[in-house]
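Two complexes are shown next, each including chain A; its partner changes from chain B in the first to chain C in the second.
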Partner chain A sequence: MSDADFDVQYIERDDRSARVLIRGLTPAFANGIRRAMIADVPTFSIDTVRFVENSSVMFDEMIGLRLGLVPLTTPLDEFEVGDEVTLALDVEGPATAYSGDIETSEPMVEPADDNVPIIELKEGQRIELEADAVLDTGKEHAKHQGGVSVGYRHLQHVTVDGDRGEFDEDETNVLRGVIETEDGDIVPTAAFDHDLSEKYPGKELTVEDVPGAFVFHIETDGSLSVEELLLRAIDTIEERADELHTKVSV
Partner chain B sequence: MMIPVRCFTCGNVIGEHWEEFKARAREGDEDPGEVLDDLGVDRHCCRRMMVSHRDLVDVVSPYQ
Partner chain C sequence: MSYKCSRCKRDVTLDEYGGVRCPYCGHRVLLKERGGDVKEVDVN
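Take a look at the complex of A and B:
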């Protein structure tokens, strides 16, 4: 098919954040993946709210905004863009209404975090509402973004040129991201406090970007796992390429 | 009034950490920076959301 020789390596991997080294990318393609992760992977988010009662200190619209920002788990295999799920919230004061109090009609779509405070209610205050969550992309509204602070840096190769002069000042050499040593080890700069002079004291160094090697920092708001977000982003690029392919061949 | 659900700048969900931060750093005597590190609020955009927040529900509730 293509002669791209991709190589993927997870440097750090968590439920909601990861660092992935991908080799064989062009800068344009790396940016395409980044943008797809932010804007093209759909997630559920509350979009319409019907208030039955709101005697809290906040206006309906403010509560609506807060509800929209609560991340909802999104099983993308089961739903399509535009699908809706109904949720409900009913809390009476004195109490704080948390995202975990939101009841859902579809157990697969529920708040990803249970302890986000929505509104603090005093004695006699009550909030009762029904809300529709809709599946849409980050292009439509930022609340639908699955990825949070998604970005990438070049992998940096560090070469030791020799010893620094005996009476030279020991300077700090701050670097952020991930480095590749001469032995081919991949080391996040956090391991040596982002300071190369800690790792190579008294050495003369050259730092160069490794062509085509990008370290992605991916974080999600909990609606999707990191892996799913990355895979779905690549899927959307593929879908669009396919669509263009059919349009051109017709 | 209430702690914002997400960080204004990066969109990370920070609301969930507020009550612990408040209990430990505002009302408790722990160092706010260390509490934030502990909670995993790493970026300075998210940290300022917590550090600069003031709960106002108690202040406005008598006027409803």
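Take a look at the complex of A and C:
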């Protein structure tokens, strides 16, 4: 087994976004996890649309593209890549068709948000359609990406070297991300307006990357929770490693 | 092929010899109606 000594700490945590500090990663592994979250975790997305009626002012194809970008909840334990779920939409003007108007044949797969506008319909206009959502990965099409804003930065260690000279100007010292203080406290830079001179006024500072410590910022489109996205991304790396292991040993 | 006259809103069928003209009001602007078929669109 590996002797990596991982340590995971949530700095901020919401349903759809989180900041996680992971220690014990190499830069290559951190980037692998980031890429897996973007491209390898499958989510449901509308892939074919059958238009029964569309008297709106937009072409069928344009409405299709909009529908494809509506995030759908994805219970990954229940479905496999390639599975399909049928959805339907029937709205008559004057009204705006929202993602919340989409009806589903499978209650586990439904729009993650109810307030995504699809098309505004005037008096006498109507849209009626049936759509098939397919489970696939972001590698196939960006509409299947579960992680929408995934990135990481090194954790920054801030050391106070001493007082600044009496006549030195107190300049702004902008830093974005998360810092580790000398006492070992983990502080997001937003807490002091991303300006180190606010937190340490009149001090001479040294800022360095903490080796192997990465702060991930993870945001999902609502199809998965942040934790599920991270776990599934790690699973896909494991699956690929297993597959390679099998191929090599044969 | 079915069309609709843009002035009198009546349904118009074009024949080979009549030219593009509404037989009821003589208007020359006709709008093509959407067919009743279900149209399948691939989203990609």
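Just so we're on the same page, the second predicted complex is superposed on the first by the 250 of 250 C-alpha atoms of A that agree within 3 Å, B and C clash if a C-alpha of one lies under 4 Å from a C-alpha of the other, contacts with A are read in each partner's own complex, and residues count from 1 in each chain.
Everything below uses one rule, namely that contacts are C-beta pairs under 8 Å (C-beta built on N, C-alpha and C of every residue); 3 or more make two chains touch, one makes a residue touch a chain.
Note that the structure is a prediction, hence the values are computed from the model and not measured.
Comparing chain B with chain C, more residues of chain A are touched by B. In the superposed model, A:G222 lies in contact with chain B only, and not with chain C. Contact with neither chain B nor chain C is seen for A:G32 once the two complexes are overlaid on the shared chain. Of the two partner chains placed around the shared chain by superposition, chain B is the only one that A:S149 touches, whereas chain C remains out of contact. Applying the stated contact rule after C-alpha superposition, one finds that A:H141 touches chain C and leaves chain B untouched. In the superposed model, A:G64 makes contact with chain C only, not with chain B.
Contact with chain B, but none with chain C, is seen for A:V116 once the two complexes are overlaid on the shared chain.
When the shared chain is aligned, chain B and chain C each come close enough to touch A:S55. Touched by chain B in one complex and by chain C in the other are residues 55 of chain A. Contact residues on chain A toward chain B in their complex (touch as defined above): 55, 57-58, 62, 66, 69-71, 99, 112-120, 122, 125, 142, 145, 148-149, 219, 221-222.
Chain A meets chain C in the complex at residues 45-55, 60-61, 64-65, 67-68, 141, 143. The part of chain C that touches chain A in the complex is made up of residues 34, 38-44.
On chain B, the positions that touch chain A within their shared complex are 1-6, 10-13, 15-16, 18-19, 43, 55, 57, 60-61, 64.
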